[in-house]
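The same chain A turns up in both complexes below, where it pairs with chain B and then with chain C.
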Partner chain A sequence: MISTGPFFLDQIFFIVFPYVAVIIFLLVSIRRYRTEAFTFSSLSSQFLENKQHFWGLVPFHFGIITILLGHVIAFLFPREVLAWNSVPLRLYILEASAFIAALLTLIGLGALIFRRVTDPKVKKVTSWADWVVFASFVVQILSGIYVAIFHSWGSSWFASLAAPYLWSLVTLSPDITYVTAMPWMVKLHIVSAWLMIAFAPFTRLVHILVAPNPYFWRKPQVVRWYSLLRNRV
Partner chain B sequence: MPQHLIERSNVFPKNKLLAGMIVFLLVPPMQLVAQDPATDYRQNCMSCHTIGGGRLTGPDLKDVTKRKDGTWLAKFLVDPKAVIDSGDPYARQLVEESRGVIMPTLPGMTPQRAQSLLDLIDAESKLEKSQFQGVKLSERPFTPEDIVVGQRLFVGTAKLKNGGPACNSCHNVHGLSGFGGGGLAPDLTTVMERYGGRKTLSTWLTAPATPTMQSVFKPHPLDPEEVLPLVAYFQSTLQRNPEDPSTARLNFVLVGLAGALLVLALFDLIWNNRLKSVRRALVREKRLEAVHE
Partner chain C sequence: MNVRSQISMVFHLDKCIGCHTCSIACKNIWTDRKGTEYMWWNNVETKPGTGFPTKWEDQEKYRGGWELKEGNLRLKSTSKAKTVTNIFHNPSMPSMDDYYEPWTYKYDELFNAPEGPDQPTARPISMVTGEYINVEAGPNWDDDLGGSPVYAESDPNLKGLTEDQRQQLFAIERLVFFYFPRICNHCLNPSCVAACPSGALYKRGEDGIVLIDQKRCRGWRACVAACPYKKTFYNWSTGKSEKCVLCYPRLETGQAPACFHSCVGRIRYLGVLLYDADRIEEVAKLRDEQLIDGHRSLVLNPHDPAVIAAARANGIHDSVIESAQASPVYKFVKEWKLALPPHIEFRTMPMLYYVPPMSPVMANRGDDTVSSVSGEFFHDIEDSRVPLQFMANLFGAGHQGKVVYALKKQKAVRTYRRAKTVGDIPMETAEKMLREADCSIEQAEAVYNLTSLCTFEDRFVIPPMHREEAIEMMRDPAEHKTAVGFGFMEPPKRGL
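Now for the complex of A and B:
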């Protein structure tokens, strides 16, 4: 059981949070997909405004997908990542690339938030859930960028510390010694990640689960717009 | 897509969610592995303390229970930082004698486990020669070759034999080329001075005892053949000043910013004409038609 003492809070944050988050994520996602399938989308507002949207959406998604993929790769192949990083130049190339992706994510997020606030049509369709998503991304991305600059080199220590911590959760034998002595900004980054996973199924983030990947290889389609003619018919 | 659906939706009934959480909490998540005190001592204490071999980073523990009562010692073992922060004069004195190095708090240290460690220390103190009198380390003088090997181990170009990650994953030493070493953990430029010299630092490195170092290096310990060149390297870096200006971090940020701008320019180049030729043209055409009708 959870023991009291100096590591009580760490046990809540790094053992209870992740399991509760994953359970909520799975159960609520399935439930929502089965009962309210039509809400299972990104709730795109591209039709309402698509010029500013480009400069938010494109950098944000290129950035976040690269970053997330980086975390997953370091989780699945920690030894290989360490082997790659054993030459300082390669380490620096990897870290700089990841940092560029993080900055793109931040720039994209900034543009998206600006658009939400300034465009009247888009503002109209913005719900409280969208603001929860934006706020959690702001915390997550800023803490990640802070860690990348001031607590480097994340790609190496993720492989040595975060990967075994995550695996200890997967194998149901949680070991928090990897994270208890981490700087608080790293802890914030981890805890806010668990919170995001828990909130995701209640928000538009569920579109991650139904991303239309076939768009990558299907033929282009032209969508014609003729609503202005409708009045005449 | 109707936004209000999300706000109003009763996505998951509360009672079922609660049931799920309770089931989870019934599963004991923390594994507290009981281990025998000698192993415990070897893994967690030996890097800083001897029993009858003189002080290392921490004091020699021979007859420690005669110097201070058992209740105080057990309390200190469970959470050293809390006792130090409480302003306890003896704890403060210990920190001073250790040159400011604070004894790490061990996850899973209970009063019972602390007591069995104290019993072990008591028993070992009575022996003429304790098995924990100290690690045998080579005392041969450092060569310039050692320093080179040490630096290669530090930055990772020479692999650590037992598979541990290179020091620069988390630590920096002033004057490294490129973007420098890591910033997660303390800068090691003057670590030899902080830890009180060759013997203490070498012993510490054979079984690092801070929580993060321990979790990484317990399964992949440093080889004695690696400790010597690393310590030689740390001796050589003592001449550098960690406070001297370094542009490594700034360079990293600038390269990142430049790279991000470059990628944005690339996006513009690739998709500059998107929607212009077909969709926006069609919309414009229809608008004009509507106006002319």
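Now for the complex of A and C:
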């Protein structure tokens, strides 16, 4: 799979990185959940600063969740995305919505960072890992926006190039020819994504893994009995 | 009938001296850690006053508790749909400014100050940032400031008072206030539990204590917004919410909770109530004026053979049923109807009840003289120094009936005891008052005994918690004993 040659670095970035990143992500997340469940928290700081909070957290999350979902959908259903994009108007709508979501994320991120720097209380609960996370988001979002502007119709070429690359990783037959010819900014975006995935389980980003779900189907009241015989609500 | 048992409480406000011993006992045991400095699981408020956090009773502002919407019970602060939009930024979340910024003093400045003409001072520093701060609020900032135009006048319970009644509260040299100690009410219909997106909060089946599973809490902080009494707190350091645990480790070893144990005024009573869990929802949907009766009707008579049979069928241990029969709370709440739930209109069905305090007017100041109001030992309840409407807003969902009943009975018992021991009131008068207050002589004696002569054992009837049985069911108790200690196996430390 890996050979030395002109594409040696590409092989490191696009074959070694992804596998290592995903393995680290899985192992560390599971170990952390099993031995340090207490550290799984959103680490909210709304209690310490409640005015700027809205302007950072809300646009950032709505933006980033839309963008991430977009990536996941294009990865899972590349054919459908291409079919949707075959009508220019639909392509424009998709691209414009994605771009707005990216801008929202960027604005939100800016507000988050500003808040972390300026509010003395919030600063106090900011760890070095938070700064790494913010820095990597800056790289990730700016490179993403650059790509969207200068290498247009990403929703289509993601489906025809990035999706097969990702699938080749999933099927353990990595084929990097899809990505080696890409512009360097796209490559940066991909490499930094792998780095983020590797680092995420060490940071506050684990809150994504425990995003609430039982709420949508459980009864309002929760009663716990000690005894197994009495396990009813 | 679905009988469950609940450890319930009564606070007798007429006995509270406002010493804050309870708060300190609690703080020393539970909230002296980083991130919890600002929390007071037990706090003592001056009423009228704004309380802690400031104006917590104003649900227009905090949006805690339940409301009736088209016949359905709905949380004011959240819903399944709203969770999606509010989880990133909760619009009903109070911030530290609503409580206070905890501080300590730079004591070393007392020792290290260079010699000079002034006494050295220890300046306050924030326990969050470590920087010097100007202290602008504290947990009992309005202590004893009844009559204050800044604090007392902002009390949400002044709603609906006439101008005269306000005058009465704020007239110079007629100021009046009483103390209102608060802990978590361990409600039957807890809105904190219902609001948690992670299902981390729960009510313990066997004793009704409401807890937050620290390992499942994710810091979505919906409970803080949803509790109308503001008794769940967000730990800004660990990123988890915390609340009063009713000292369950103490209860499980037969000891009263620390605030109960240490109470100087001996105002606190604790005991088991049996209740019908099937009817909670029905009662929580009643109209405001029916809520107190409805709430009382949930509490079952532990001497009734049918209730006992149903309790046994539900797996409630005989020892717990016996404990319920001896419960001082049952007497205050159900038999004597002296104790009332606070703000029942929030519809969480609180299981901490209050005996409303009396505020007799013994004398009034005229132009230059102080004259006693009436020749009698006690004036009419209607003329209490604290307007009845104020009490009713606090303990009667705005309706005076139940409050007047409780105050009248207390007054009758006092008059009766006065007639008996001092003798300056004719016994016929006293007996007439008792009759009017729906109180027999036996009951009057019982109320007197449990109010004034109560021992430790009278006040706290703690049921055996039977944890050992629960453990036996899962593993060998000897093995369990070696495998667990107290507290967390994993340190409660914030992650990166």
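In the analysis below, the second predicted complex is superposed on the first by the 211 of 233 C-alpha atoms of A that agree within 3 Å, B and C clash if a C-alpha of one lies under 4 Å from a C-alpha of the other, contacts with A are read in each partner's own complex, and residues count from 1 in each chain.
The criterion applied here is as follows: a residue touches a chain if its C-beta (ideal position, glycine included) is under 8 Å from a C-beta of that chain, and two chains touch if they have at least 3 such contacts.
Treat the numbers as computed from the prediction; the structure is a model and nothing was measured.
*Asks:* Touch test for A:T39: chain B only (first), chain C only (second), both, or neither?
*Replies:* Both: A:T39 reaches chain B and chain C.
*Asks:* Considering only the touch criterion stated at the top, classify A:E95 as touching first (chain B), second (chain C), both, or neither.
*Replies:* first
*Asks:* Kindly classify A:A129 by the partners it touches after superposition: chain B alone (first), chain C alone (second), both, or neither?
*Replies:* Both: A:A129 reaches chain B and chain C.
*Asks:* Just to be sure I read the superposition right, which of the two partners does A:H151 touch: chain B = first, chain C = second, or both, or neither?
*Replies:* The first partner, chain B, only.
*Asks:* Using the superposition on chain A described above, determine whether A:L57 touches chain B (first), chain C (second), both, or neither.
*Replies:* After superposition on chain A, A:L57 lies in contact with chain C alone.
*Asks:* Looking at A:A74 after the superposition, I want to know if it touches chain B, chain C, both of them or none. Which is it: first, second, both, neither?
*Replies:* neither
*Asks:* Count the residues of chain A touched by chain B and by chain C, then name the partner with the higher count.
*Replies:* Counting residues of chain A touched by each partner, the higher count goes to B.
*Asks:* Would you sort A:L82 into first (chain B), second (chain C), both or neither based on which partner it touches?
*Replies:* So A:L82 only meets chain B here.
*Asks:* Should A:K121 be classified as contacting the first partner (chain B), the second (chain C), both, or neither?
*Replies:* A:K121 sits against chain C, while chain B stays out of touch.
*Asks:* Look at A:V222 in the shared chain and tell me whether it touches chain B only, chain C only, both, or neither; answer first, second, both or neither.
*Replies:* Touch partners of A:V222: chain B and chain C.
*Asks:* Check chain A for residues that touch chain B in one structure and chain C in the other, and list them.
*Replies:* The answer is residues 32, 35-36, 38-39, 41, 43-44, 50, 54, 58, 62, 125, 127-130, 202-204, 222-226, 228-229 of chain A.
*Asks:* Taking the touch rule as given, give the residues of chain B at its contact with chain A in the complex, in rising order.
*Replies:* The contact residues of chain B facing chain A are 1, 3-7, 9, 11-12, 16-17, 20-21, 24-25, 27-32, 78-79, 81-82, 104-105, 107-108, 110, 155-157, 159, 163-166, 168-170, 176-179, 181-184, 210-212, 214-216, 249, 252-253, 255-257, 259-260, 263-264, 267, 271, 274-275, 278-279, 282-283, 286-287, 289-290, 293.
*Asks:* For a test of understanding, state which residues of chain A touch chain B in their complex under the given definition.
*Replies:* By the definition above, chain A touches chain B via 1-3, 5-7, 10-11, 15-16, 19-20, 23-24, 27-28, 31-32, 35-36, 38-39, 41, 43-44, 50, 54-55, 58-59, 62, 79, 82, 85-89, 91-92, 95-97, 99-100, 102-104, 107, 125-130, 149-154, 156-157, 159-161, 164, 172-178, 180-183, 186, 201-204, 222-226, 228-229, 232.
*Asks:* Show which residues of chain C lie in contact with chain A when the two form their complex.
*Replies:* These residues of chain C touch chain A: 80, 83, 87-91, 93-97, 128-131, 189-190, 193-194, 196-199, 201-206, 214-221, 224, 234, 236-240, 315, 467, 469-470, 473-474, 488, 490-496.
*Asks:* With touch defined as at the start, can you tell me which chain A residues reach chain C in the complex?
*Replies:* Listed in rising order, the residues are 32, 35-50, 53-54, 57-58, 60-62, 120-121, 123-125, 127-130, 202-204, 206-207, 210, 212, 214-216, 218, 220-230.
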